[in-house]
Structure formats: C-alpha cells, structure tokens
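After this come two complexes, each holding chain A, first together with chain B and then together with chain C.
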Partner chain A sequence: MKRFWLGLILFLCFASSEIVRSVYAQESPDGKSVMNEMLTAYYYSRQDAKSEVFMRIVNRQGQTRERRLILLRLDETDGGKQSYYIYFHEPPDVQGMSFLVLKHPGRDDDRWLYLPSIDLVKRIATSDKRTSFAGSDFTYEDVSGRDLDEDDHELLDEESLGERSTFVVKSTPKRFGEVEFSSRKFWIDKATHLPLKVEHYDLKGMLYKVYETSAIQTFQDTPTITKAVMKDLGSGHETEITIKTISYDVGITSDLFQERLLRRPPTKWIR
Partner chain B sequence: MIHGFAEVASSPKFLGDERTDKDEFNLLEERFQLKAAYRPAKPEWLVSQNPEFFYKGDLLVDEYEEAVRYKIREAYGLVSPFSWMDVKLGRQILTWGTGDLLFINDAFPKNYESFFIGRDDEYLKVPSDAWKFSFASHWASADLVLIPFFTPDVSITGDRLSFYDNLLGRLVGEESDRLLTEPSFQPNNTQIAGRLYRDFGAYEVAAHVFKGYFNQPKGIKNADAKELFYPKLAIYGASIRGPVPFLGGITSGEVGYLDSLEDRSGKNRLIENATVKYLVGYERDFPKDLRLGVQYFAEQMLDFDEFKINSQSGDIPRDQFRQLLTLRITKLFWRQTLEASFFTFYSPTDSDTHFRPRLTWQTSDHWKFTVGANIFLGRHDWTEFGQLEDNDNLYMRLRYSF
Partner chain C sequence: MKFEHVTEFVLKHPKSMIGLVLILTLFFGMQFPKIAVDTDPKHMLPAASPVRQYNDQVERDFALHPDVIVLGMVNPDGIFNPQSLKRLKDLTSAIREIPGVISRDVDSLTTVDNVISLKGELVVKPGLNDIPQSDSELATLRQTLLDNPLFVNRFVSADSKAAALYIPIEPVANGKKIADKIRSLLPQDVGKDQFYLAGDPVARDTFGTEMFRQMALFSPIAGLVMCVALWLMFRNVTVVVANMAVAMVSIIWSMGGLIGLGFPVHIMSSMSPVFLMAIATDAVHIFNEFVFRLKETGDKRRAILETMKVVGPPVFYSDVTTAVGFAALATGAIIPVKIFGLVIGFGTLVILLMSYTLVPAILMLIPEKHLSNMAETSAKKQGESASRLSRLGTFCVEKTKPILLAGFLLFAVAVAGLSQIRVNNNMVHWFKRASVVRTADRVMNEYLGGTSTAYVVVQAEEDGAIRAPAMLRHIEGLQRELEKDPLVGKTFSIADYVKRVNRVLHDNNPAFDRIPDSGREVGQYLFLLESAAKPRHLDNVIDFSLKTANIIIQLKSWDAGVMEHVIRRTNAFLGSHPLPQDAQVKTAGIAYFNTVWSHEVLWGMLTSFLWGLVLVLILLVFETRSFLWGFVSFLPLLFTITLIYGAVGLMGKDFDMPVAVLSTLSLGMAIDFAIHFVGRFQQRYREYPNLKETLIWTVSRPGKGIFLNAILFALGFSVMGFSALTPYVTVGILMAAIMILSSVTSVIYLPALIQLWHRKLIKGGVNQ
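Up next is the complex of A and B:
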C-alpha cells in the first residue's frame, strides 16, 4: 500500500509537470519559432508550386498599373535553398520577359533577367533586397522572404484579429539602419501560421507601411493567402496582390531552373 | 496573343551636319510593331515537343529615307525533339557574352546606325536567319548556331551619319560611294557559332567559337574602285560571370582571339590584322534603385610590327593596344516609372568619347516617353567615336504599347 501511494504521487508529479510543461509550451512559444513557422508556411508551403499572380498598383491619383505573371517555385529544404521562375504576361512592354532567382539563405541571391527582344540574359546584382518588385509596393524581400536571422523576434502578445486568434511578434533588424524600417510588427494566425497583418515602422519609429491579408483559401489542404494589400501610408500608394490560381506539388524539377528556361519559356508551365 | 506598339521618333541634329542626306535631323519615323506567339495545344505528338511559333514584324514609315518599309524582326519555330534538345529555326535575334554594349564573342550582326541616332536599344541587334540547336545536360549546356545567309552589321554609309572614309581620307557623308561586297551564298560560306557553358557554383563559365566573316567591311578589295569586303574570321574565346565576395555586385570577364583568316601574318595592309580582345566588367546596385556599372575593354593588335612596316601614308594610325572604358549609371524614380540613365564610352588611347544620357518615363502601362542624346567628342577624325563628332543629336520617342 505504501508503494502504491508512493507510485501514485510520483506519477502525479511527473504527469503534472509534463502537463504544465506542454501547456507552457503551447501558451508561450518564443517569437523566433513563431516567425520561423510563418516563414515556412508562407514561403515554403509544400514542395513546389505554380501560381498565376495578378498585381494592381494604385497611386494617390487612383491611376492603376497591372502586372500578370506566372510564378514557379521549388524548395530544396524548408527554410533553405529555393528556386523561383517568373514569366511576365502583362503589361505589354514587359510581356515575354522572364526572371530567374536562386535563393541561398546566408548569401546574396543569384538573379537573372531575360529580355527577349534582344535575346539577352542579364545577370542582376542583388546587394539591395529592399528594392521594389516590378514597381510595386512589395520589395524583393517581401516576395521571397527575409532571412530569419536578420532580425530579433519578440513575442509581444496574443490578439484576436477578426475571427482569427494571432500571435503578435515584433521583429527588429539586428543591424539598425541597414534597411529602411526600424521594426516590423506581425500578426500571425495561430491556425495557419500565415501573416494576417504587418506594420512597418521607419527609422524614427513612425508607422509608414501596412500589409494586410484579405483572403485565405485552402488548396490541396494547404491554407494559402490569395489576396493581400501593401499600403504606403505616406504616399497613398498601394499594391494589391491576387493569386488567381495555384497548384502545389505539380512536379517542378530543379533542372528547369537554368538559363535554358529563360531563353525558352516552358510552354507547359506558363499557359 | 497579339502584342505590339506604335511609336513616333524624332532626332534633330545639334550641329546641322551638311554632309549627310538631311541637314536638320537624323531620325524622323513612325513605327508599328506587331508580335504574336502561338503555342499549339494539339496534335499530341507536337505538344510533347513543347512547340512555339513566334512572329514579330515592323512597319516603318521612314521620313528620313522617304520610304515605307516592312521588316520581319523575328519569325521562327521552336521545338524540343528530345527533353535535352531545342531547335530554333528561322529569323531570330542572337545574343551571348558578358559585355554591356561591348561585344567580343557575340559576332552576330548589329545596327550601330540605329544605336547612334536614337532608336530603341532593341534595334542595335539585327536578326539572323539561322538554325539554332541547344543541348542541355547535367554536365554542361551547348548552343550551335548555323547561319547560311550572311548578314553584316548595318554599316554607316554617310547617308544618315557622316563618318571617316579611309579610302577618301576624310570625313564624308552621302558622297561616299564605297562598294561593299558580301560573301556569296554557298553552303561552305555558312557561318558557325558555338557556345559551351555551365555553372560552377554561382559562376557562369562559357567557351565560345565562331567561324565566319567580319561583320564590318574590314578588307579592301580594290582601293581605286572603292571596293570593300568582309574578310574571313574565326574567334576563339571564353567568358566568366558571377558575384564578387564581400563587396557585392556582379563581375564579368571575357576574352577572345580574333583570327583574321585571310591575313594571318598581318602583312597584308588591306585586311584587318588578328587581335585579342579583353573585357572586364563590374556592376553593383545600391539602395534606392541606383545601379553603377564600369567596364574596361582592350583590343590588342597582333603582328603589330608587320602592321607598322606595311602601313602607307594615309592609312589610319592605330595603337597596338586600343583601350576603352565604359560607365553606366542608372537610377529609377517615382516607383520605377522614371529611369535616368547615363552611359559613357571613353577611349584614352583614341582620345574619343561617346555620351548617351537618357530619360525614360513610363506614364502608364501603355505609354512611354523617352528623351535622350548621343554626343560624340574626339581629337581625331578617324577614331570610332571621333569620326561621328558632327552627328550629335537629341532624340525623342513616344510609344504606345498594347
């Protein structure tokens, strides 16, 4: 009987500490792991993807510019090497241009642009990742992801955003002044790990740019952001990105991502 | 899908050079371009070869030449008979090499007249009627190009741009009546160009070979009859391109040995000597859409002693090493809708310069307005840019794309 009680006490001790530990882990993950989950869910969903993307860029006067492109993506490992291929269908003056990006975490991307009218494969210098992507309010880093280790991530809070409950994470660049923001504040959906809102604060600490997800749809069991807006508060400029179609794990292979692909767009994929 | 543009372009001359056909302008034209790509979805046997048919043609109302012309820029079919092979047959634009507006191993035809009078950069490249075979493998990739019909560079003839005529020994315009003889159309006059390339990490490495003709009339057949010709040429070269560690940016290097097959000893003063050309380039981007590019180019004349011994009075003096520097500055403004670009060629050995400032404003997805200038300076009349000194021009283009 004595041994029974001892056993029960020991069991309860262990069990409760396990329960406490797991509850603790669930309630308070650290900012970095939340951010890492977001990067994986957003930029590395599944193995590969083919999507048709539509961008609408609107200036303060309400004039719009539009881009329609096909995006092929292949991941080597989650959070690791990635290849992107972009083929422009619209607007007319860039129609037929294609763009190849080989992303290597920890060093500059390799980027090439193909100009069909002069059959030129141009290598693009990529020291500055904060340049605008195709004239939009999204930067290259917004489109292809910023390295996790470039920033310190702090879990600030948990909040409800509409019907979704979110983690609020503040990301502060490790090297102040290297990029145009001093910090970014993310609202990350607990269920899908996707970002629902991102506020960008400039070097003086003023809010100047806001990203907001306006639609999430599930394709092949994968929650996917299908509409999002980036607004520049100072200029009144904004860009809306719409994913018109997307399919995952379509069998894109690494041998596609070569110069040949630029000079000879793959009929099968760019339709 | 059909796309294209309509464009008006005009280029008044600063200096009103009276040697050429028109005194006040270099360029006054309306252009209408249509392009169409067709990728058939059947029959099945063809679809499996990834077929593509492409056509692009320009209707040009040229008020300088007072003529209306229709030119097919591209018209080709492209199929992949095997997963590792592409065949592109027809009229096509061909480009390779690492230079920015400088070419060593790219022996495909150019139109420097268009380049100097302010047409779009697209028109620097002249299409070739060719077969292009591309081979891909994990080890390396290769291109083999066969060009049965010789297409030279569009030569500066004096009608539109005045230049130094070595047969007359002075700057000339439309009175130049040189006769340019092209190689005849025969199977064994087919030009061949090849490229073998692969990546080593982030570095692209290529070996090049070419056998054909000089694209410019570098041979004098008969000086009295003012008859020039395109001598035989072989090029053997290599290039490399990749990122610069720590500093960032892209660097490139290219070299080519141009074997002048009809004057291998360099003793014939009427034919261009063999040369070795070297090119080193560096380009880097900076925050706020600023890009800088610099290049150093050198052209080493081989058999220079023979050249000096055999030169006669009146021949154009040459350096053993001709050197050229280029600088490109590009900055984008207004959400990348306004591009300011400045390109300079400067040769310390020829003491000549060519400035190419340009502003391009993309007012909408359809409208584009371009204004720029071509300015030439030189100490001597006979150097590449110095000879064009009287052709300075300011150009404007308005384009609607659809």
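Up next is the complex of A and C:
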C-alpha cells in the first residue's frame, strides 16, 4: 500500500512538472504569436484613429518629394477587416486627391481613387499589395499590415536594441517568389509590441531594404510610432514618415468609407 | 663611334651579358600574374572627360543601369502560346536568382506592371501574370499588351513574334559569365522558340575573354611561323634563337612593365606580342650582313664587329623611328591607344638595346663548326637570289621613268580611294558575321526596338517645368521626329507614361491618348504613376524635381553614324521648334559614347599621324644630314600609306578604330626599309662612287635583308588573319600588306628616285 502512495506521489510530481513546463512554454511565446501581437499593436491600435502624416522621400541625389496627408482608420475586429481613408493636402498639384481602402484579410483589398483635376472616382483592382504607397518606399502592405497567415514565423532570439529588449522574429513567405523578399527579420519591442526594425532580404538572400523606428510616443495611453524610416539599399531611396498629430477613438463611423464621399469629403475629418 | 665600344665590351663578356638580360627578364616576367583586362568602351576616354562624366551623371540622375544584358525569345509562329509564355515566366524567375544580376530590376513581361482599364476599373498587374490556356484568353492577353505603347517593341515585338528580357548586372559582374549562366538556363529542344543574348556587357566581356584566347593562340603561332621562316632563311639554330630571344625579352619587359605599373590590358595592347615579334625581325639585317661578312673574313669576332659597324647605325635609326612612330600615339586622347603606343615604343627600345648587346653576345657563342655550315649553305643560296636581286636592281636603274610614271598613276587612284573613306565604328562588328554575339544582335534588331541605347536629356531651368503640357508635347514631337529614322526602333519618355495614364483613366478611350491640357492634371497623373509603377521606371525618365526628363532611344545598329543622324535630327527639330522655358537638350548613353570616341579616335589618330609623319621626316633628315635625302627616304613610306588607305577606301571597309590606329603605327615600321636602303647605299657609295653599280649592289645585298625582314614581318602578322575577331583580322592583313608593299616600294622606287635626282642628292648629301 505504501508503495501505491509513493507511486501516486511520484506520478503527481511528474505530472505537475509537465504542467509547469507547459505553462512556462506559454510564457515564452512562439514567433507567430509575437507577430500577431505586433500586428495588433501597430496596425489595429484602439478602435479608430485620425492622423496627420508627413512623408519625405529622398533619392540618391538628395532630391526630395514631400507629401502631407490625413489618414483615417476604422477597425471592425482586431486583426480583421479595416477601412482606410487617405486625403492628400500636399504637394499642391495633388491637393484633394484621395484614396479609399477596404481591407479584407485573406483576399484582395477594395481600393478607390479620386482625381479632382478630372473629377473622377475610379476603382483600382490590384493583386499586388507590394506597390508603392504614394510614391514612397513604403508599400501598401507596410502601411496597412501583411496577413499573418501569408508567412511562417519563427522566433529566432531575444536581443536588446538600444534600451529596449526585443523578440527577433523571422518571417518567411509560404509561397517563395510571390513577393520580392525571401524573408523579413523583425525586432519587436517586448514592452509595446511595436516593430523597432525590419530587415528585408531579397530572393537571393541579400539585405535590400531596412525599416527603422526612430520615435515612439504615447497618446491616450497608446504607444505609437511617430517617426520611422524605410531605406531602399538598392536604389538609394529613403522615405521618412512622421506622424504630426494622432488622436484615437475619435468616433469615426463606417458610413465615412463610401465611394461617393471621395468627391465631397466631410471637412470635419480632413482638416 | 661609341657603338663599337659597346660591341667590343659585349664580345669580351658574352656570358655575363646573357645572364644579366635573363635576370632582368625574370624580374619583368614576375609581374605577369597581376594581369587585369579592360574591354569597357567607356574607358576609351579618360575618367575626367566631360562626355564620360556627363554620361555617369545621367545614369545616376535617372537611376539607369550602365550594364544591361538583353535576352530575346523569338518564335516565328508567335510567342502567345502557353508553352512559350511559361518558358518566359520561368526564365525570368530563374535569371533573377543568378548572382551578379540586379534581381529586382530585371524587366520582362512578367515583372513590369501593365496598367489597363477593364470594365471601368483600373487594373494594375504584371503584363503577364497567370498563363492563359485558351485561345481566346491568349488573344485577349496579346491585345492588352500590344495596346500599351510602353510595351510594344520593348518587351514584346509589334508582330508578337519576339519578347525581350532586360537584365541589369552589377558593375563589377562579368557579362560573359552571366551570359553563359543564362545560356545554361535556356530550355533545350523547345520547338520553335529561339533564344538570343545581346547587349553591351555580353559583347564587351565575350570580347575580353576571346581577346585573351586569340592572343594566347596567335602569339605562339606567329612566333613559330617566324622561327620556321628564319630557319629556312639562315639554316642556323642560333640565329633563330637569337632573334626569338630578342622578341621574347622585349615582350616580357614591356608587357611585364605595363602590368607591373598596374595598367589593365586593353584590346590594343593585347596585340603587343605580335607587334614586338615583328619589330624584332629588324635583327635580320644584322644576321644577313653577318653571314656576308663571315664569308668574306672567315673570323667570327671580326665579322661581328664589322657587321655592327655597318648595320648598327641603320638599325639604330630604324628602331628609333619605330619607337617614335609608336610614341606619337601617346599624343592622342584615347587611353588604350596611348598605352599601346608607349608599350610598343618601350619594347622597340628594348629590341634596340638587345640588338647591340644580346645579339652579338649570342653570335659570339655560336660554335665554329656551325658557322662554317652556315656560311656554306648561305653561299649556295646566295648565288641565285643575288643574281635575281641584281637583275631587279638593273631593271630599276634602267627603267626609271616608266616606274615613276606607273607609281604616279597608282598614287592618283589611291588618292581617289582616300576620298571614299567612311569613318565608322561598330563594336558588334568586332565579331564575325556568323558569330553568336553578332547573330543575336542582328536577330533582335530585326524584331525589337534595338539593342543599342541613347539618352536625349531635356534640361529645364525651373523645378516642375517638365510637367507643363507644352513641354510634354514638345518632347512627344521630338520623339515622333526621331522615330522617322528607320534605325531608331523605339523611343519612350515621360510623355508616353502620361498619355497612357490619361487614356486608361478614361476607359481606354483613344481620344484621350494625348497629353492633358492642364499642369495640375499632369501632376496628378504623375502622382499616380509614382504610386503604381515600380519607382525606378519613372525615375528612368524624369527626376524628382521634374526639372529634367530623359528620352530613351533604342537603336537598331551600333554604327557610330546612326547616333550622328539622331543628333542632327534632334538639332534640326529643336531649331524649328525651340523648347519652352529655355530648356536645353544634351545626349548621353552608350550609343552617344561610341560616337564620341570614334570621333576622338579619328581626330586623335589624324593628329598623331601628322605628328608621326613630321617626326619621322625630322629623324630622316637628321640621320641623312640632308633635307633632300630625308625627303627621298620618306617618299616610299608616303606612297605605301596612300596606297593602303586608298585601297581601304575603294573596298568600302569602314575606317574604324583598328584601321585608324594602324595608320599611325605603320609609319614607324614601314620607314625602316628606306632607312636601311639609303644608309647602306650611302656607305657603299662613299667607298665605290659609281652610282649605277652601287644602286644595283644595294638592291641585291641590303635589299635581300629588307625582303627577308618584310617577309618575316608579314608572316608573323598574317596568322592574325585567321582570328575570330575582326580587329585582329584587319590588323593582321593590313600590317602584312603594308610591310610587303613598303619593302617593294622602297627597293623599287628608291633606286628610281635616287637615279632621277642624283645630281642634287650626291652633291649635297653623301660626301659628309
């Protein structure tokens, strides 16, 4: 009988250690969950947001192009559907131009464009989310997030980057050759879950594009990237993106994201 | 004279002399492993030249890749079938993975976005994405692609029988290696699909590789041919060894020096070994006289001393004129030609030095029994050839007038030929017509816009000036004007992009296939283009500040003349339609580059040539101590060169770089014969003052040396006539022709001229 009890105790000890181990494993997350947290923190922060964005594109010769735009975002669910309204103020030529993007994870976005000079609203069908966003070095995907399930994510390491400690995650597209990179390497801040640095490797495995966060500020208790740079090592181009102002949960509603409103944008939202 | 002391010293220490030369040669030989090659035509001009700097600036400003390989796929039944399209797609992805290829900028139907209007929507996707299978889908795809003027004749031919991939490579990559890699990726047995590789880096680096192979092959063959010829002439191993040793020493010293100083080997200097081998045959005059003297004196040492005494001065002067003739090349602006001139100039001086040191030292070491053999064999042959040559001498002296008249007539014909000369340069024509490189270029130019590229850059004064509709219409007008030239296969500019957007936004309505009327509209279209296209495509045709625009022109020929037409047409058009806002136009690109340096070659060579002529004349006057004698010695050379270039003009052969360079370098070499002839005639005449007899003697004795020298020379060069590269063929055949002709004109016309002007000549010049 003694033996039985001993056996039971031993068994329980082993079993509990298994439980402890599995609990511990949850605390040291895998690549996919780190990436998911990043996507939520970066692209789905709060319910909605209105930001004034300034972009500076510099080419190899040091010539610059500048854009000032208002970006409105409304999330349906975290990691799910999202709507974007983008209204350009500068350069003067494009004042009044606007884009409407309805993002559906798992399938192509719906995009519309408004050209004031010929008063034309046009639907844009593009299968390629990797096209440049407003002529910058950021792609649409960089601005609005890439689907979590497009890539395999692997937690490589934990590193400190400056004063922040980060998870290092390598994301590899599931279908090689579909996009221009073979893999990306993220440094994700443990505290804010925001990306601090992203390295893009081309199909031959060479580093060709580097993203770096240069400022994070907290608005309405929400850590927000307010300055970042994307450098294209091949072309020598780089784009600096600055969030001049941002306010969260301002009460944006879904009826704002309508094709017909592109022609007559509500002044309240675009100022 | 001091020369004799040199010879005496050498004859006392022949072995240490040879040892010293060997040590020095070893030192120069050790430089060879450092060898580097350069076949980039852009390096023809110095890095600081304005044309090169502007070209670099244009490439930088418009993010253009300097080195682009073009892969063409041709199917006579059309490429719009599932198999061919799949091959195109697979090839594009495979090529992007080759190291050295700038992957993201590989442009083909499958990587370049096509913006189209479909059921009211704006569709942005690669020209060729999913491969259609049904005939109707294929027909739609074909129509869609051919509808876009930015694609036609660039990525797909107007008749849809050909498609092209543009493969930029890193500046440090080797075009031939990448081309070979691409060839290994090409599918085999693929029905009617044919693949062709063209473009400047392929031609250039294939040429570079081929250059080495050809020279590695032809230098030894030329050497071997000369050895055999020398053996047949002298029947003595030592003579053969001595002559080849002189050649080798000068080749190793000059090439080793070039490499050791860190210069790359260009197309021109790669030919140095053959040239130096040929120039080294000047030593034949020493052997020729040595054999005569040996027979007369029977004493080796005395024979050498006497030989050097009589042959030394003409050898000295002929080598110095050769060196000067080559060094004259250094006065030009073309770097490879400059270097070549200096290398051969130096090599010739080495040959001269060896003629005074190594040659007597080796002759001194010939065993006595070989010498008697040599004297005997030559004595046997001497009889026949001497009598033939003295008959020739008699003929020249007696038929002075008919000979001169015939020469005058030939000269007149040649001058007429000179006026027919067509200056041109075409790098692809450096390959033979049936070669892979040239075939590919020909086929691709048949189907597509053209393998050679030029840039016409419009530079305005103010930022944003290019987006003005008036400016864009001007650019468009200029394009249409340039396209009237049948060899301009394709032009594209920012105007084409703007027109395309205008049309697509208006549901593909052809009425909107034009430049819009307001600058704001253009501005918004440009903004769209910046967002849709890969940034580089737009960067290629316009700068960030919209101040400069680039019109890219594809040419179907590498002829320098085609670009000259383009420039002339541009200037004529802008003369009658000046650009708004004082905008200026400048040209760049590889086609323009080739035009510039072929001009530079022509004028550079012409000035070098004239300098060479003057220098040679001065040297002749100095050597003969008489203007008239100098002039008489000069005439056969002038006659020879006029005849050769008259023939080039009459045959319709392009006056290209190899031919141009030859004009200058033939000077210093072809004059040797006259120097030997006149020098020996004067020596002899001082001893036996009988004009006719002396002339006949000169024709038969030094004349023999002259002919032997010329034959050796011609034999050495003629092997290059079998080369696979046309510049070598040209140089080989022309040099052989120049040497033979020059020896003949010297031996025939000098007696005639001396006979004609003997009163003035003999009074003034001989009795120094």
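By our rule, the second predicted complex is superposed on the first by the 245 of 271 C-alpha atoms of A that agree within 3 Å, B and C clash if a C-alpha of one lies under 4 Å from a C-alpha of the other, contacts with A are read in each partner's own complex, and residues count from 1 in each chain.
Please note the rule applied: a residue touches a chain if its C-beta (ideal position, glycine included) is under 8 Å from a C-beta of that chain, and two chains touch if they have at least 3 such contacts.
In this text, all values refer to a predicted model and were calculated from it rather than measured experimentally.
Overlap between chain B and chain C is detected when the two structures are superposed via chain A.
Contact with chain B, but none with chain C, is seen for A:268 once the two complexes are overlaid on the shared chain.
When both complexes are overlaid on chain A, the residue A:255 reaches chain B alone and has no touch with chain C. When the two complexes are overlaid on their common chain A, residue A:97 makes contact with chain C while staying clear of chain B. Once the two complexes are overlaid on the shared chain, A:80 sits clear of chain B and of chain C alike. In the superposition on chain A, the residues of chain A contacting both chain B and chain C are 57, 59, 63, 65, 91, 93, 117-118, 120, 123-128, 131-132, 134-135, 180, 237. Those residues of chain A lying in contact with chain B across their complex are 57, 59, 63, 65-66, 90-93, 95-96, 108, 110, 117-121, 123-128, 130-132, 134-135, 180, 237, 255, 258-260, 263-268, 271.
Those residues of chain B lying in contact with chain A across their complex are 1, 3-5, 37, 39, 50-52, 78, 80, 86, 92-96, 121-122, 124-125, 134, 136, 138, 141, 197, 202, 204, 241-243, 248-250, 252, 283-287, 289, 291, 335-337, 362, 364-366, 368, 401-402. Only residues 57, 59-61, 63-65, 91, 93-94, 97, 113, 115-118, 120, 122-128, 131-135, 137, 177, 180, 202-204, 208, 234-235, 237 of chain A touch chain C when the two sit together in their complex. Residues of chain C that touch chain A in their complex: 60-61, 63, 93, 96-97, 99, 102-105, 113, 118, 120-126, 129, 467, 505, 516, 518-521, 523-524, 526-528, 530-532, 534-536, 539, 543-545.
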